[in-house]
Every structure is written in C-alpha cells, then in structure tokens.
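Take a look at the following structure, please.
Letters are used for the chains, namely A, B, C and D, taken in the order the chains are written, and counting of residues starts over at 1 for each.
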Amino acid sequence: MTKNRLEAFSDGVIAIIITIMVLELQPPHGTNAADLAGVLPGWLRYALSFVYVGIYWVNHHALLDRVAKVDGAVLWTNLHLLFWMSLIPWVTAWAGEHPMAPVPVALYGVVLLLCSVSFMLLSWRLDVETGHAMAWGSRKNRISIALYGLAIVLSLWYPPLGALIHVLLAGYWLMPEAGVLS
Amino acid sequence: MTKNRLEAFSDGVIAIIITIMVLELQPPHGTNAADLAGVLPGWLRYALSFVYVGIYWVNHHALLDRVAKVDGAVLWTNLHLLFWMSLIPWVTAWAGEHPMAPVPVALYGVVLLLCSVSFMLLSWRLDVETGHAMAWGSRKNRISIALYGLAIVLSLWYPPLGALIHVLLAGYWLMPEAGVLS
Amino acid sequence: MTKNRLEAFSDGVIAIIITIMVLELQPPHGTNAADLAGVLPGWLRYALSFVYVGIYWVNHHALLDRVAKVDGAVLWTNLHLLFWMSLIPWVTAWAGEHPMAPVPVALYGVVLLLCSVSFMLLSWRLDVETGHAMAWGSRKNRISIALYGLAIVLSLWYPPLGALIHVLLAGYWLMPEAGVLS
Amino acid sequence: MTKNRLEAFSDGVIAIIITIMVLELQPPHGTNAADLAGVLPGWLRYALSFVYVGIYWVNHHALLDRVAKVDGAVLWTNLHLLFWMSLIPWVTAWAGEHPMAPVPVALYGVVLLLCSVSFMLLSWRLDVETGHAMAWGSRKNRISIALYGLAIVLSLWYPPLGALIHVLLAGYWLMPEAGVLS
C-alpha cells in the first residue's frame, strides 16, 4: 500500500474526529445568558480537544513525510493511534460535563497519554523501517508522556490541576520554535 | 506541507460540518402537518447554515488558489477558521430551536462574526506569505464583519431583525457579480 | 475551480450522508426478537435510502464525467442537489419511525422529488456549459419526477402505496440495461 | 469509472463508520470509577468493532489492488459490502449495551457474517472481471463464514461463547503470516 492511501484515510478519520466532537456539545437547555454560561466548561474542553486533534494532524503529517512506503505493521500501528484518538470525543463529552470530577478528568488524561504513546510507537516503527536512529521525536514525546502521567495523578486529587497540565502541554506543542518533531 | 493536503483536510472538515448539521434537526414528534410546521424554524435555520458553509467552502478555495505552499502559521490560521465553523452546527441547533430568543440568535451571529474574522485573518496571513498588498478580500469581509456586529446587537433587542441580517448577508455573498473575494 | 475538487467534495458529502443515516437508526429498546422486529420498518426504510444515495453517487459521477471544468453556477447547482440529499437522513428517520403515517411518508417522497429535480437542474446546467442538446438524462429523470409526484399524493391517501413507488423507482434506477443517464 | 474514485469513496465511508461508532458510546451517567466500569462491555465491543472495520479497510485495499478498472456491477457489489459494514455501529451499540443478551450478540454475528459474504461476493466479482481463477481469498473467507455461522448459533445459547468466536476471528485476520487474502 502506498503512503498516500494511508495519509488520506488518516486525514479522513482525523477530520471526522475533530468535527463530530461538536455533536456531543449539547445546546443549552434554556435561552438565557446564564444557560449559556452553564455549558462553558464543556465548550472549553471542546476547544482544548480541537487543538489537540489539530496538533496530532499537523504532527502526523510531519511524521509520515519521512517515509515513502508503508507495510502492514505501519498500517496497524497507525490504526492503533487512530483508535485512541477516536476516543477523544467520548472523554471530551464526559470531562466537559463534569469538569470538577476526578475520574472523568483523569480519564481524559489517560486517553491523551495513550495517544502520545501510540504516536511514539508509530514514529519508532517508521524509524525501524527507514533505518533511522530512533532518537528523533522522542524527547518532546517523552516529556509529554511523563506530564500526562502526572496529570492523571493530579486529576484524581484535584481535577483543575490536571486540566492545567492538559492546557500547558497543548501550548507546548503549539510553540513553533520547539519544532514539530523535536 | 503542500497546499493539496491542507485543502483536502479542510474540504473533509467542511463536508462533515455541512452534513452532520442534519443530525441536530430532530424529526417532528407527531406525524401531522402541524407537527411538521413546528420544526419549520429549525429547518429554515438549517438551510441558512447550509448556505453559509457552502459560501465558506467556495471562498476558501478561491483564497487557497492564490498560494502554492503553506507553512505552520497557515495551518493553524486555517484550523482557527475551521474551529469557529465547527461551531455552526451547535448554534444552528440552539437558534433553530429558539428562533425568537435573543441569546441563541445573537450567539449564532457571534459565531458567524468569528468565522468572518478568522477568514480575514487567513487571507491576511496568506497575503503576507505571498507578498500581496493585503487589500483584496477585505472590503466585502469588513462590511460583513460590521453587519454581523450590528446583527448581534439587534438580535438582543428583537431577534428577527438579527435573523434578517443573517439572511441578507448570505444573499450578498451569493451574488456572483460581487466577485468571490472582492 | 477544477472538476476534481467538486467531485471530491461531493463524494465526501455523499459518503457522510450514506453513513450517518445509521445514527438515526435507534437500537431496539429490549433484547428479544420481538423488539428487533419492531425496528424492522425503520431498518427497511434505511436500506431503501442507502440504495437511493448509492444511485445518486453512481449517477453523479456519470454526469460529471461529461465535463472538464466547472464554474460558480455549477458549484451552487451542485450544492443545491447536496442540500436536498442531506435531508434524506432526516426524512428516513421520520418515515422509518412512522411507516403508516401519511405525512412522513409523503415528505420522504417530497425530498426524493426535490433531489430528482435538483439532479435535472444540474444536468441541464452542465449541458448549457458544454453546449450539449440538453436532451440526455431527462427522459428517465422526467418519468421519475412524475412518479415521485404521484407517490406524494398516494402517500397522503394510503402510505404503503407511496412506499411501493419509492421501492419500484429505486429498482428502475438500479437496472443496468436502462443506462445510467438515459 | 476509475478505480481511484471507488477506493476514495469506500475509504471515506469506512473512515466515517470507524469514527462515528464512538458517538453511540454514551459517557457514563455518574462520575465514579464504578460508573466507568459499567460502560466497559460497550467499550470492549467498540474496540472489537474498530479492529474489524480496520481489518476490512486493509483487506479492501489488498483486494482492489488486483484490478485496474471497475464497472457498474463492481460499484454495486462494493456498495453492498459497505451497506452491511454501515450496520456495524448499530449492532455494536445494541450488543455493547446488552453483552449477555442472546439476540443482540447473535445479530452482531449476523452482520459480521453478511459483511464476510459481501466481501467474498466482491472478490468473486473482481475475479470474474480480471479472469482470475476465483480461488484466492476464499479459503480464509470460507472458514470465517462457517465460524460466524457457528457464533450466531452459540450466541443464542450462551452469548459469551459467540463473543469469544468474534474475538478469535478478529485475531485470525490480524495475523500477518496468514496473508492478507489467502
């Protein structure tokens, strides 16, 4: 299978993930500004997830740019990443509805952690195929994995602290000077 | 990243936005013509949003046609536009269910305003990259932004006036003689 | 805009329409075979709509194959077709839930009628652009439009008769010997 | 119609199927770990369906790689496969909610069986077109069809046995040494 097909399919799945999340965002029940304020936490969580899926889309491309062909192992390592990403709308809905509850916020972090681990697995697999040194991509990825783990623990103790780490890590990945894959 | 990938991803997201809006359109509860008439306001709002997303799709292409390559800043300016567009189904559902309520109709206008501002930002960013004069696209865009702002204020006072401006502005963008980007 | 972009966007929208219909298909409430039988009418209506969207996809391609470039008028005539097609999931859900109610079944026919009229408009527009005689595609299309109209009237009197015409017309379009566009 | 168009449309539909399944996965009602445990069966069924759709995506490509052009019969044989695949989210939701109920688990197996039969029909149709011996692809397919049939019967007697066969067959198709189409 050529790389183009894999990229097109991944782009399709990522485009759907980033868009259907809004279906989980219920309109307010009433019609006052106060009702609107009530959905603000869910809305902020939605915005954060949108940024995260965008980050994965950008980095997924930078990653695939380094290879010319893919084999069955890459297909499944990639589907593994898409699986965990596909759960982002689900944990966004749960954590968005219960922003102060430890388990939903921690589970959001668990899914982000598993996305990050899957991305590292995919980059490692692509490195094996292309004979690269397997060093690139890992430092930023490893820092993130450690911080996602910390966010899970902190969320169980005091959820806003976990949410703060989720926001800071999104900002870390958005910084252009840090390089897309360094 | 080449422009093709950005266009394909944007097309995918826009195709999903324009299509999933219908999932928010609940079937009537009863089976009489009167029940059908009850969902008419939501249906009209759906039709209006469909036209708006179509307008953005057409103009997005005209905009991207002017550039050959894109960088990280363009990717994120584009994702910023897609983010506000992704909220169109949500405000369509809310304003469609409560066509005479000030806050939902005003919020619909806020999202249209932010889409318009995002589109202007994207066109400005692309102009910077290609060294253009940054003048094109802005007059029609600036008029729209002013009118979206007016629609927000009017919606809070008397919602049908805001809705009228939303309809008129869609018609303004549909007029071929006005030029796609002038 | 090149034809490829229009085709890719239309393919995306049609792929989403044909797939999200299943989201309107509620799982049975109970877990017995009798509960499953209760959702059978909705399921049959879903299968019929799937076939109709498939027919439009196949014919849309045959139609677009005849042209090389598209202009703004074609873009909007095409979006007009996609708009009525986007309502198929909505009327499928309503008519599927109330298979013996006149208004939902008639409305299903109204949407099919408007899809057919939109398809004729698109083929007429493409004929104008390419300088064709505007004769092709119209006979089969005109017969369908007349029968969709008949189905609407019959549905208001006795819904299963309307549903029968919907099924027969789908079969008519599926027959390969009738030619895709004749 | 060229093969590319068929592949792009199928990829789009499969990408949507694999992604919208998560919309049927309701967030837990409460916010405790016990509430999360309550949705575990649905989540496991979701993961299994994700793997199955992934398997079909990988094998669909391997199948289409063997042909250069497609005709109307292939289009409809392919849409027939996509139809049964489109029901996977629906049976996933029902069987995921009622993991110990015979009819939902058996119906899940019925849909898998019909997907497998559709895949065999498509491979047979493609063999006819290309003049191949019609032998390839069928052994693995035939074993699966027999086991899906067995799973249906066992599900009606004791659902976990059916689920076990569903899991084992997914593993069988994941094994790389078994060859994608042998």
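Methods note: a residue touches a chain if its C-beta (ideal position, glycine included) is under 8 Å from a C-beta of that chain, and two chains touch if they have at least 3 such contacts.
What you see is a predicted model, and the numbers here were worked out from it, not measured in a lab.
Asks: Considering only chains that satisfy the touch condition with chain B, which of them also satisfy it with chain C?
Replies: none
Asks: Taking each chain's centre as the mean of its C-alpha atoms, give the chain farthest from chain C.
Replies: A
Asks: Would the interface of chain C with chain D count as same or different, where same needs over half of all numbers used to appear in both copies?
Replies: Homomeric contact, different residues on each side for the most part.
Asks: Since chain A and chain D are copies of the same chain sequence, what is the angle of the rotation superposing the Cα atoms of one on the other, rounded to the nearest 5°?
Replies: Rotating chain A by 90 degrees superposes it on chain D.
Asks: In angstrom, rounded to a whole number, how far apart do the mean CA points of chain C and chain D lie?
Replies: Distance between chain centres: 26 Å.
Asks: Return the distance between the CA-based centres of chain A and chain C, expressed in whole Å.
Replies: Once rounded, the distance between the two centres reads 37 Å.
Asks: So which stretches of chain C touch two or more other chains?
Replies: In chain C, residues 8, 12, 16, 20, 23 touch at least two other chains, as defined above.
Asks: For this entry, which pairs of chains touch?
Replies: Inter-chain contacts occur between A-B, A-D, B-C, C-D.
Asks: Touching residues of chain C toward chain B in the complex: what are they?
Replies: Going by the criterion above, the answer is residues 1, 5, 8-9, 12-13, 16-17, 20, 23-24, 72-73, 75-76, 79, 82-83, 86-87, 89-90, 93-94, 97-98, 101-104, 107.
Asks: Which residues of chain B touch chain C in the complex?
Replies: Of all residues in chain B, those touching chain C are 7-8, 11-12, 14-16, 18-23, 25, 27-28, 31-33, 35-36, 47, 50, 54, 57-58, 61-62, 65, 174, 176, 180.
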